């Protein structure tokens, strides 16, 4: 399959993630959108890895999966603290800090 | 065989057809296992078990299937219809996708081995582990869509359990893969030709077996159902064929899981080469031997159901995190040492 | 054979982190003070190791890590900031049951920053970058009962992970075009990137990714909220440490790898620098929360440092690198001073919300003389009054801008610098000229030690900058 | 040999730190006095061993500081800076004596700031390296900012910030000019060097004429804002009048703007692309300052503001004299700096006394103070007379030299300035008449005369005004030596 | 060990997977369609209520889940990622591209660091069911 297909797929997934991140207020959804974006980058890396015949991309993707997992864990932890305090996870309603 | 025949056999579409046949085999096997379990349970409990339909009640399952077919299809009014309908698809999908990569034996033609499998891939064990964990999502969809408290409780327990046992499972698989240097399940099976891995890694086998039982939700790990407290747990709201699909999926999972045990630890279909070199024997003996071992594993699992009481959920979780996980890491270290010692 | 002695600072910090993690499990909340001392000891040892190996050049682990003057210099910056923060934190975490976790996160963030400093491969760079980010997300929300802290953490997290995604995508394109993630390899294969449509795309993504971390306008929106809401000492680490990490990463990627696209990113950085410093200074004028004000001032400072990318002469890079060190001292010091004030205010009144309000600085000169004096030094240093580190760095940076003919940029920077005096001076005015009814309070010793060390750093760099300038020059010579 | 210049810079700063950490007012003022007296003794020693016939730098000290940037620690004095150092060293101890019994918040900080100020100002005068020069230049801002901000009058906040920003911007513009010089020399000779004389010498080799003018103007801007010169003066009246008395006196002693004209601008002037234009700008600004300051002083109701504006007017003479480009007019301008420091100290001190005793400095609210405060009246009248240029006092000598010898090169501006003399006399006498003489304003209540401390310090300054008025040569000689040296550089221009 | 299939054509080995995916997607709906044909239908509102041991169901069953599950999830993520790194390592451990001792030492360091996290979780009680 031509490389462009993978790149297009990745771009579409990335855009979905970005769109979701911009439009959603729910913390969990935003988190999922971020994961989508990271995964779209992984698609790229793996596609390039195969295309360039070089293992680095795949290794990179593994690392980035690990990072995404850690990020999700921290994100959930923060969201949980918010939920315990405010009884909701609407990121929009966090507005103590502004001028 | 001539090379043309081999070419045809290795055509992916031909293999797909073979795989689809295996679905039928597995369905039949699952029905057989259900019947077997009921019969065996009866024996263990000094009951008779199925008896009237056919000889030894062997057609009981066919009757049950027809009954399920003709039952009314109910979707509770408060249920999430989309999830409710798609949950069996996900569950079945998970099982089928596992099935495609698991070999059902092998035939030896002129001493050359041809595994009976839907597809061969170089990371099949990883693939199997991945798709098998999709089933938890299916089970959760069953529960969440029902809008039933028992279901949801069951599903949560299911989650907590699965999460705990995935890790030791994965680590023991790695311990095996380290010895072989491959993630291809067929190569792993072949690597056990002189000596089964159960003898090299007894600890690994125990951990894997327990974790697999938990993964399949067999007693004593069926906290997602626990009839006494949760009615039928995750599947409470399902009736008729939708229930049947979930039920079948569980049993197919049981069969496939037992196959994994055999493939990873019990030597797969390997037989001494003087047997397999004989064309006629080699054609059916390995598969027979393999399926026999699978049957024995299934038998053990079914008997365990009546030998061990169900654990409480906290015990289940503790077992995985505080016992099996360190043990599996220990086994990994053992596997590494063995790897050095054997120079594999 | 890999000379592991060159990685000794990182290993020291890692081992310290693990020891703290383990020790924390077996200590009661009262005796957890000791983990703070362990952390400080580890940082100091790591710092000495770094300084002792300064000037050594080596490449290790399949060319994925490089030890050179640049990396060592930035490691010194990070370790300095961490040491200051750890010292001050001894008081902050006193009696807190989660003290060990705090130090562990601080130390892990430091490892991440240090690894970024010596990364020679985009993969290592990204992983280390994220290690530092992840640890700081947690730190920002350390006061989990404090809604402001949690909110700061959430905002930081969302934007931070967005930037990580952009960065990863950008790195992916660079990798795709050049076929390698090694920084030197990219520089060698840069033609492939230049001829590919991915070139400019990856550039935009990378600038955005690093821009978020450095908090360049318009990628800055998390910074004021996060710096304000996070515990002050964490803000110190963020502003003084993790921001520098973005800068060294950008140095490595843009100057080390993508130098051939210089024409493109220089314009972008010029615009960003001007926007950032102007926006930061103007908005800072109207802030009443000191932490928020420092956050905006930190934007402005980042804008100044970014000028180094635009000018790109050895002198300008020297200035930028020296600025990073000075800013480490100044900003960490200012936030630690604010932390001391917050500590005082909250120990008087537990439920107070914005403890860093400017009103709480009234009469500080009488109430906490050392803190007030140090704060004065820091804000004057930030505004570039001699003889402080801030002046020295601005001197080199701005003068090199003029040298290379970018007079307009230098004029904008200098005017900004003058503008910034207004809000810095306001803090000083509140501390010394406003009356207060509060009594003199005793200043906690850890804060005092940290503040005095930072003051010493600011003044030493300002008065006797020769060793630092020559170190920065050596570091800059690695880049060009 | 004793590093005397380092000592006179460092001792005040050291004592500033000591004073800051004293606990009581007694300790603070004694510590401050000791510090300034040591400085005074050292300065006198230096003064008496100073060779006033040489235009070269004396007591030079040089050491490497930041070699990688060519920055050195280079100090030295000559006839331009010596009198100004002397002025500072003399007046500041007297200022401390003047404030001996004042009651104010945080005296330790107050005295610490005065000492820090002294160190910084002397530092500016003795620095021969641009970097060091700028460091001290900026440092002078900080104590004054605090002085106004903490102990100032009703409008202190505004005044302090305005002063700070205004002069800081000017300094930064000047810094740009310094950068220009620095990199010019660097690119010419390939080595960085921040030495003042060296950079000024290299200025002529800058090829771009626009750049030469731009650098000159940038530096000029920095200096004339500090001087100050109309139209860049607007920070001054606020800052002077809002500052406490000691602050006002410190402002008066801050002669660094004018000093910069002699030290930097005049040696550079011949090499600007358009020297005649530049000199015209300087002269014009000076003349405008003289007359504009005088007019505004006339319009003031507040005594302190009036003195502030008169200060602008006086500083106009400095700029005009510098622009006169004749050795005696330049010496006159230098002498004006010195004399202005002394005279204005008396005036602000007097005004400060009036303000504290009566609670107001609005001229109309005063009246007949001479009856109650005879000692003050004597000294104050002397100060006012000196300020309006009465012969026999220092002000006369300075203004005479400036006006007479600037006439050679720029007659028009001198004529304009002459007009101002009349106005100057008018507002001085008018204010004196209304405030001190006439009938006593009973609303002011019971008023006592100045204390002996205040009388002592003001009296000493007054004596100096008289002494130098009759006998200016102790400082004028060295000024003339140096201004002749400066003028000899002008030969290139043919003026 | 013989390589049975030419792994260069990786796509080929996924064709059966794709077919199976389609089959598994189609099979349950097909079954249900058959059920539709043969099964009786008689509507009654009681049939459609949620089962709650015969009593009327109270409230919504879709509740927020317990914190305990979350802590397990975090722990799971930690160790699952560990396994993720173990797989590729297991592949090269036997190979010739890496010195075996180096491979072992590096993996031991990795697991050792991970064990710190494990000990931390255990001691902090994250692995304890808190009902």
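Chains: A, B, C, D and E, in written order; residue numbering restarts at 1 for each.
Throughout what follows, a contact is a pair of C-beta atoms (placed from the backbone, for glycine too) under 8 Å apart; a residue touches a chain by one contact, two chains touch by 3 or more.
A quick note: this is a predicted structure, and the numbers were derived from the prediction, not measured.
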Message: Return the chains shared as contacts by chain B and chain D, ordered by label.
response: none
Message: Give me the step distance from chain A to chain D, shortest route via touching chains only.
response: 2
Task: Specify the chain with the shortest distance from its C-alpha centroid to the centroid of every protein C-alpha atom present.
output: C
Chains linked by the largest number of contacting C-beta pairs: B-E
Query: Most remote chain relative to chain D, going by C-alpha centroids?
result: B
Query: Centre to centre, by mean C-alpha position, how many angstrom separate chain B and chain C?
result: 53
Centre-of-Cα separation between chain E and chain D, whole angstrom: 81
Statement: Cα centroid separation, chain C vs chain D, in Å, comes to 42
Field: chain A-chain E separation of Cα centroids, rounded to whole Å
entry: 20
Query: For chain E, which residues are shared contacts with two or more other chains?
result: 73, 80
Statement: Listed in rising order, chain A residues that touch 2 or more other chains are 59, 70, 77
- request: Would you identify the shape of the chain contact graph, picking one of line, ring, star, complete or other?
  value: other
Complete list of chain pairs which touch one another: A-C, A-E, B-E, C-D, C-E
Query: Mind pulling up the chain E residues that touch chain B in the complex?
result: 1-2, 4-5, 7, 10, 12-17, 19-21, 23-25, 27-29, 31-32, 34-36, 38-42, 45, 47-53, 57, 60-63, 65-66, 68-69, 72-73, 75-76, 79-80, 82-83, 86-87, 90-91, 93-95, 100, 104, 107, 111, 115, 118, 122, 127-129, 131
Message: Using the touch definition from the top, list the residues of chain E that touch chain C in their complex.
response: 113, 116, 119-120, 123-124
Interfacial residue positions of chain E with respect to chain A in the complex: 67, 70, 73-74, 77-78, 80-81, 84-85, 88
Field: Sites on chain C touched by chain A in the complex
entry: 123, 126-127, 130, 134, 137-138, 141, 144-145, 147-148, 150-155, 157-158, 161-162, 164-166, 168-169, 171-173, 175-176, 179-181, 224-225, 228-229, 286-289, 292
Sites on chain C touched by chain E in the complex: 14, 18, 21-22, 25-26
